[in-house]
Each structure stands twice: as structure tokens, then as C-alpha cells.
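Next come two complexes built around subunit A: one with subunit B, the other with subunit C.
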Partner chain A sequence: MLALQLAITGLQTGAIYALTAVGFSLIFGSTRIFHFSHGATFIIAAYLFYFVDVSGYGVIPAILAAASGAIVFGLLMYRFIYVPIQRDEGSFFTVFVASFGIGIVVQNVIGMVFGRGYVAVQTSLSKSVELAEGLYVAPLAWIAVLCATVFFAALWYFLRFSTTGMALRALSDNPELVRVFGLNPKFISACAFAIGSLLVVPAAIISGATQGLNPAMGHHVMLISLAATIVGGIGSVPGTLIAGLVLGLAESLALLYVESQWTEAVTFAILFLFILLRPSGLLGRSATH
Partner chain B sequence: MEAYLLNLAILISIYSILAVTLNFIMGYAGIYSLAHAVFFGIGAYASSYTALNFSASIFITLPVAMAIGAALSLVLALPALRVRGEYFVAASLGLQVLAVTIFSEWKGVTGGIGGLIGIPPVNIAGLEIYKPGEFIFLTVVTLIVVLVVINRLVHSSFGRSLQAIRDSESAAAAFGKNVPLIKTISVVISAALTAVAGALYASYLAFINVESFMLDTSVLIMAMVIIGGTGTQAGPIVGAALLLLLPSVISYLDFLPQTEIGSIQQIIYGLGMALLMIYRPGGIIGRKKVTSAGGSK
Partner chain C sequence: MKSIFAFVGKVSLTACLGFSAMGSALAADQTIGALFPLSGPNAVYGDVFMAGSDLAVEHVNADNLLNGKLSIAYEDSQGLPQPAVIGMTKLVNVTNVPYTLSAFTGVSKAISTIGQRNSVVAVNGGGVGPDLAQLGEYFWNVIPLVNLEVRAAVPYLVKERDIKRIVLVYIDDPFGNSILEELESELEKAGGELIDTLSVPTTAQQFSGVAAKVRAAKADAVYVASYGAQQIQIVKQLRDNGVDSLLVTYSGYAVPDAIALPESEGMIFTGQSVDFTSEDPVTQRFVKDFTAKHNREPNAYNVNYYNATRLFALLAQALEAEGKDVTGENLLKKRLETPSFDLVGGTVSFQENGTLLFPIKINTLKAGKTETLKTVTFN
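On to the complex of A and B.
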């Protein structure tokens, strides 16, 4: 029963990880921009939701605030940090450092405004319900899985059938060709940032209710996103999705054997093994682009 | 006031060692490590454990710290051999997170979250050095030795091979360079010298705990290198001095909230990193444009 309990918790964590990581993977895969402040997007969305919710405006305005905050931040990063850097040449390193710097700024500004301790979104949905004897599941777990399913179905439909979605996939294959076809790579990249940032919103909100928020959690979010992107195979959205689920399940099921402070070590071990043995990831093409 | 300045000078020289050693792998070998504080910590814990349990002589504590740092650096070298750029950043970030867990859980050696207290002062052939006025000589001399070692390495054929690898791994391999070996040696040297900084730091403060070796420290060291100038000789030291002087400067500005000095410092260097990358990627000391540092594709 404990294993089943942990598997369900793991599914919830995995759904959250997958949403976060796919956002990063989509941005990185299509634009090749190493958007390290994706973790900052996560905490911005989470704290905006928390703030609007605590102020008593209700859940829907809070969700809207979180979503618009995340999208605006993603677009601002693209327009005012990445575009100017890429105008020159923008190696991986310059982009990473700039993005990283902004991540530090966001973390500390939020820490100054909301305090550096943990805060939690209060909701009755995180209260566990006994489904069977010894099996407790909070409604939020189902909401997390449902959110992930809906968002991924929408994303799949978008990438498969809409013009912008197809252009996005084309961009990851060959940016020059996109230009030749008369499409604007900058507009498509901006779309990638908007959608990628939007994907973390449900994850951020649910995390805020299940495990609480802390301004420094952006680094953890980035570790998970990077790990899932690499384990899944860079440039592969389905791969990242699967990897996110696997990492969440692994972290949770590991509790059968180790204490809770070692869960991040499990993520790291999986990442490390993949880097050493299969750098191209589960569904990736090749590690050396 | 004098004691305050001395203390600051000692910390600047210790952090300069950290920045110089990180710059060695970052600027010359293209290995962007977010785990530099791990080796700083390993050096500190290894030398403190030796000093507390066996002997406080610097001729024992330093070699032990360096040897353990060098041996454990293979954990960093292995992924660096397989992948580069963004993949390696992820691996080093994971390593940093894992190390913090180990530092706070391995109570027998690291003292857990509480840390180690009463670490004996540095002992050079019976002479105990603990007064800041004397300790400053030790740290400055060590910094100079580290600088000379790194400088000699960078300007040797080994250093040229490293830079060739950074700029194009396949080209270096085609010229018959043993890429994995050269990379591994550079990581090992960097980690061993970083461990020296850890040993000095621990015996200077006589107290260490995991908080000095967390991700924030790795980030700070990386910021020092980048703001000073990646791949330059003087850059890391300039960066270290600037970033450590920053909190004192902020505390003179009365209109800023004094309780938030740490945050304000981080906001300033975070913004500094982003703006430098847009306008001057080479850092304060560096060339105006970095030509190929990093090119991972």
C-alpha cells in the first residue's frame, strides 16, 4: 500500500516536473536559447498567484495574474536580454550568464518583497482523502495530473496542426529555411517563450499549495528542467514529458529506500548516469549539435 | 577599523584563489562549473578533520586536502569528458546539490548542519598562525603561488592545448591532442588548488559549516570570474575584490535597508552579469567581445 501511495504522489510530482520541464525544453529546443531563468518564471508565477490569492481576490484572478506574469516575464527576457545578445553572436555561455544573472535578481527581489522563508498557498484541496485503507490522496494530485493531460494535449494539437506550431517545429530544424519561407523567426521565438512560460503556471500554482514556496526554489526547478530535458533528449518534447514523469516517480518511490533529504540525489544520479551512458537521452537525436 | 580591513583583505585573497582556479577551467578549458564551492568545501572539511583528529601541521593538512580534492574532482571530470556546454552546467548543478546534502548529512566528518568548531590554527613547523596580521601574509603568498602555477600552466604547451580544446574539441583531437587526459588534468589541478583555499578558510575562521559551501557560493565565485573577465589573468582577482567590497560600500549608503544588504549585493551582481553579457561579454578586464569562449554548437 505504501508503494501505491508513493506511486500516486510520484505521479503528481511527475506531472508538475513534466509541465515545468517541457516549458524549458520547448524554448530550448526551438530557439536554442539556454533560458536558465525559466526557474525565475516559475517563482514569479507562484508568488503572483500566492499574492493575489492571499489578498482575497479569488482563485480565477490569481490564476490570470500568474499566467500573465509568467508570459510577460518570458517575453521581456526574450526581447531585452536574448535578442540584444544574439545580435552579436550569443554563444551558449553569454546567454547562460545573462539569464542566470536575471534569475539571481528575481530571486532576491522576491525575497525582499515576500521574505526568504517558506510561504504556502492555503487550500482545502491539499487535504488528503482516504481512498482505501491506508491510501491517502489529496484532490490536488488529480488536478495536477488532469492539468498536465489537458496542457499536453493542447500543446500537441498546437504543434501538430496550427501554422505557428508547425513553424515552431521548423525553427528547431532550420532557422534559415523558416526565414526563406517568409516567416519571422523572431515572432516564432517569442511564441515559444510565451507558450513555454505559460506551461510552468499550473506547475507553479500546484507546487505552491502542495509543498510551499521559497524564493530560492528556482534553482531546484532548473535542476529538474535540465535533468528532464537531458534525460528525455534535447529537442524532444515527448521525451522531456516522459523524463519529467520518470523523475517524479523515481524521487517518490526512492522514499521506500532512503530518507527524504536524498530525493534530489536520486534526480542527480539518474541525470549523471544518462550523461555518462546515453548523452543523447531517451528520444534525442544526437548530443553534439 | 584596521581589523575589519585586514579581515576583508584575507577574505578577498581566499576568494581570489577560488576565482582564479575556477577561471582556469572556465576560461581556458571551457568547463562551466556551478560546483566550485564543492571543492572549496571538500578542502575545508578534509583539512579540518585532519587537523582535529591527527595533526594541525600545514605540511599534513594541505597535502591531505589537495589529495582528497583532486581525487574527488574526477566526479566532475567524468561528465566534462562526455559532454560540454549546457549538459555540463546541468551535471555540475546536480553535483552541487548532492554535495550540500552530503555535507549536511555526514555528521561523523562534517559535523552535520552544526558544522565543525574549534578548528586548530595553521601550524607551520611549530609556529601557529592565527592573528589576522600574520594570516594575511599566508593567504597572499598562497594566492601568488597559485597565480604563478596557473600562469605557468596557461603559457605552457599544456595551456595552449587547453585553449585549443575550448575553441574546438575536434580540431584539437585531430592535431593529436589527448583531449580526455588534458581535460581531466586541468580539472584535477583546479580542484586541488581550490581545496587549498578551503583549508586556509577553515583554519582562519576556526569554524565551518555547510552554509559556506552552498550553491550561492558557487554562484558568487562564478560571478567574480565573469564580472572580472573570463579567461584573463587579473580579471578573477578584480572580480573577487569588487564583489566582496560591494557589501561594505552598500552598508555606507544609509538610505538602503541594512537588513537586506545580502539581497542588494546579489541583485547588483546579477544585474551586472546580465548587462555585461549584453554590452561587454569579456568582462571588465577582458576583450570587448569574446570570440569563441563556450561555443557549444
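On to the complex of A and C.
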């Protein structure tokens, strides 16, 4: 029963990791911008949801506020940080430092506005229900899995069948070719930031409800996103999705075999194994030189 | 021409005298350092600590205890050793402080060597790891250490509450490991049993898997030994994931965010006992002004950092009266030759290992309020 319990817990964790990581992977895969402040998007969405909800406006306006805040932040980052850096042919390192710095600024601003302490989000959805003896599942676990399924189906449909979606995939392959076809790479990149930032919203809301909030939680989110992106294959959205689920399950099921302090290390052990044995990741394309 | 030279001469003389006077005024001002977590997951403690130390500065300056003004140079330790060492190095080499406030076991251990090497006193009012009593003569504790808290809690749980099977969830750092050792030893003495131990990494935020293992252990009580946001996350997630055993923890839980958490209801936590009803003027003034300023009762951390700051002022006042420089070395000598100090909670004395001894309270949380179940005194 403990194994089943840990598997369900792992599935919930994996769904959240996948939602967070796929957003990052979509942005990085399409634009080659190392959007380290993706973790800041997560914090903004989580705190906006909390603030609007506790202000008495209700859950739907809170979700809309979180989604709007995340998208606006993603677009502002692209337009006012990354575009100017790219215009001056800034290096990958410049982009990383700028993004990292913005992440710290956001963390401190959130701390000043909402306080630096721990914020508990109270909802009955985070309370587990005993389904069978020794098997407890919170409604949020099913919501996390459902959200991940719906969002990934929608993303798959969008990338596969819409013009912008196809352009996004094309942008990751060959930006010059996109330009030749008369499409605007900046607009397509902005779409990648908007969609990538939107994907983080359900993960931020669900994480806030299960774990509570503190302004520093973005760094951990970013580490997991990065690990899932590499394990899944850089630029591969389906690969990142699978990797997110695998890492969540591995982290939880590891409790059956190793001491609890090593569960997070399992995530990074998997990452190192992939770097050593399959650098292109689960579904990534092998690099050719 | 003569009058121009005379004017320039007067201006220069006035400027020199002015700068000289200003220089002596500045020399009399005293600055101490503080390494508090002001950002990151442990920032919840920063405001609590500062509320105590800032009030002490206000009182010291209002009473003109020192020849000049007292101020605190705050550095952000994040509750982590590495940023704390950077902050301590700056305080010692750039700000040139003789005395620093410290918090957290890992931070205190990391900075203690810098203090010892440079003869700068470091005073801890927040970290409770037992080995903080062995960090050298320049490291003092104005807080009882956690070994005393465990020694108070375990006999109470086992003998008075018949709680014998305990699971420990602890942070994987020096503090968490010291609680593990203390619990193992005390439970054995009291006739209890540590049936499982689950350590968690300092960065972990997701504990539903840990909760599943805790549930499976079917313990009478779960002892939670972490700090900052993580400690509150553990309690919330244990309760959310169906753990209904009694939750027990230590003084680190006495922060407003934790106490206000609905999942904290019924928890037992230990902490130093401070008699706020004491008639002594220092305690009365502290309680009155703190309550007026913060609209709530003070907690032990507020007291400790008030006391740590006031302790500096008392020692520096004595040194100034003797015409001696306020250096770390002189502060240490003065502390060793002073038998007792009037601090919040009464007149207290340091033990040989540089730690203040306080009785330990065993508290429970009821409807967001702390209720004392028992007070244990140690000799």
C-alpha cells in the first residue's frame, strides 16, 4: 500500500514538475533564451492567485489574475530584457545573468509587498481523503493530473495544428527559414513566452495550496525545470513532459529504497546519468557537428 | 588682501575644529553587527529578531547609556553559513564591529571562528544546536540550547502523556542531527522509543512522501525538527496527508506564521521560560513598549535579541566608565568579571560555557494561542 501511496504522490508531484518544466522547455526550445526567471513567473502567479483569492474576489478571478500576471511578466521579460540583449548580440551568459538578476529582484519585491514569511493557502482541496486503508489522496492530486492532461492536450493541438504553433516549431528548427516564409520571429518568440508562462500557472496555484508560499520558492522550481528539460531532451516538449513525470515519480518512490534525505538527490542522479549516458535526453535529437 | 587671508584663516580654523569635534563625536558612537536571515526561506525569523534588537537600541539611546549613539549594522545571512561568513567578514574587516548578533546553528558555527580569530564577540539568541556551547570564549548564547528543550519534553511526553513511540522528521544539517542524538539518548532514558527517523534536505519543500512513511510508522507522536518556512510546510503537509498523531517541536516554532497556522492546533512545543510578569523595571519596560509598538505580546526571540543588544550596552557602558576602549577583548574581560546582568526576565548569570540558563516551558497551541503546560527548571 505504501508503494501505491508513494506512486500517487509521485504522480501529483510529477504533474506539477511537468507543467513547470514544459513551459521552460517551450521557451528555451523555441527561442534559445535561457529564461532563468521562469521561477519568478511561478512566484508571481502563485502570489497573485493568493492575493486575489484572500481579498474575497473568488477563485476564478484569482486564476485569471495569476494567468494575466504570468503572461505579462513573461512578455515584459522578452520585450525589455531579452530583445535588447539579443539586439546587441549579448552572449548566452549575459542573458543568464540578466534573467537570474531579475529573478532575485522579483523575489525581493514579492517579499516587500507580501511579506518575507511563510504564507499558508487554506483550502479543503489539499486535505487528503482515505480511499482505502493506508491510502490517502487529496483532491488536489487529481486536479494536478487533470490540469496537466488538459494543458498538454491543448498544447499538443496548438503546436500541431495552429499556424502559430507550427511557426513555433519551425522557429526552433531554423529562425532564418521562418523569416523567409514571411513570419515575424519576434512575434513567434513572444507567443512562446506567453504560452510558456501560462503553463506555469496551474503548477504555481497547486503548489501554493499544497506547500504554501514563500518568496524564495522560485529557485527550487527552476532547478527542477532545468533537470526535466535536460533529461527530456533540450527543446523537446513531449520529452520534458515525460521527464517531469519520471522525476516526480522517482523522487517519491525513492523513499521505498533510500533514506528520505536522498530523495531530491535521486532527481539529480538521474540528470547526471542522462548527461553521461544519453546527453541528448529522452526524446532530444543528437547534436551533430 | 590682509582681510581676505584673515577670513580664509578663520574659515579653515573653524572647519578644522568642526571636523575635529565631529570626529570625536563619531568615535564615541558604537556600532554592533547582526547576521540575520533577511531573505530566503528563513526570512520569517529576520523581522522577529530585529523587533527585539531595534527596541533595545531605542531604549539604550533614549537612556543615554553610552557616550554616543548605538546602532546595528545588519547583514543578510539568509540563515545559511556561506552568506553569513561573507557578512561576518564584512562586519569584522570593513565595519570594524567589536560585537555581533548571530542566529541559527549552522550560521553561528560558521562565523564563530572568524569571531575568535579577530577577537570579536558573537552572541547567539536564535540557534539552539547543543554544540553552540563549545564555540570558544568569544561566542556567547543568550538562549538555552535545544538539548535542554529535549530533556524537558521527553520525560513529559513519556511519563505524563504516555507517549512512547516517536517518529523524528528532521532537517539534514548540524542542528537536525543534534536533535536526533539528543532524542535517541533521552527516549532511551525515559523508556520511550524512536521508531523511525526521516531526515529531509534543507531545500526540500514537498513532504507528502515523508507523510506517507510517517503514517505507516503508526507513531504516538511526531517530533518535527526543522526551521523557517520548511518547518511550517512539514507540519501543514503532515496534517494535510492524514497524519493525526501528536506533533511535537522545539522553540523554533515560536514565530507568528507558525502559530497562526490552523494545522498547528494541539501541537506541543518547548521554549525558554521568560517571566513577563516580573516586577523588575527592565522587563516591565520591555513588555510595555514592545506590546505598544507591535500590538502583540513579545516572544522568546524578541527577548533574546533585546537582551543580547542590551548586554552589549551594559558592558560598553562599564568600559566607557573605566575609560577603556570598547573592543571585543575588553567586552569579554568585562563579561567574565561581571557576576550578573539585569536583563529582560530578571537578573541572570552566564554559565562557564558562555550560555545563559533559563527554565524551559512546555507549551501547547490552542486556537492560535500558546498555553503553558509545564515549566521545567534545570540547575
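Here are some notes:
Quick note on the criterion: the second predicted complex is superposed on the first by the 280 of 289 C-alpha atoms of A that agree within 3 Å, B and C clash if a C-alpha of one lies under 4 Å from a C-alpha of the other, contacts with A are read in each partner's own complex, and residues count from 1 in each chain.
The definition used in the following text is that a residue touches a chain if its C-beta (ideal position, glycine included) is under 8 Å from a C-beta of that chain, and two chains touch if they have at least 3 such contacts.
Everything quoted here is computed from the prediction, not taken from an experiment.
Placing subunit B and subunit C on a common subunit A by superposition gives a clash between them. Legend: residue contacts after superposition of the two complexes on their common chain; A:R32 is shown touching subunit B, with no touch to subunit C. Shared-chain residue A:Q261: touches subunit B and subunit C both.
Touch criterion met: A:N108 reaches subunit B and subunit C at once. Contact with subunit C, but none with subunit B, is seen for A:T210 once the two complexes are overlaid on the shared chain. In the superposed three-chain model, the partner touching more residues of subunit A is B, compared with the other of subunit B and subunit C. By the document's definition of touching, of the two partners only subunit B reaches A:I230; subunit C does not.
Of the two partner chains, subunit B is the only one touched by A:S91; subunit C is not.
Contacts of A:A120 after superposition: subunit C is touched, whereas subunit B is not reached.
Applying the stated touch rule to the two superposed structures, the overlap between the subunit B and subunit C interfaces on subunit A comprises residues 107-108, 111, 220, 261, 264-265.
Put simply, subunit A touches subunit B in their complex at residues 28, 32, 34, 36, 81, 84-85, 88-89, 91-105, 107-109, 111-112, 219-220, 222-223, 226-227, 230, 234, 261-262, 264-265, 267-268, 271-272, 275-276, 279, 287, 289. Subunit A contributes residues 2, 5-6, 9-10, 12-13, 107-108, 111, 116-120, 122, 126-128, 130, 134, 136, 138, 210-212, 214-217, 220, 251-252, 255, 259-261, 263-265 to its touches with subunit C in the complex.
Those residues of subunit B whose C-beta lies close enough to touch subunit A in the complex are 32, 78-79, 82-83, 85-87, 89-91, 93-95, 97-98, 101, 104-105, 215, 219, 223, 226, 230, 260, 263-264, 266-267, 269-274, 276-278, 281, 289-290, 292-297. Subunit C meets subunit A in the complex at residues 38-41, 43-44, 46-47, 172, 198-201, 203-206, 208-210, 212-213, 215-216, 228-229, 232-233, 236-237, 240-242, 255-258, 261-263.
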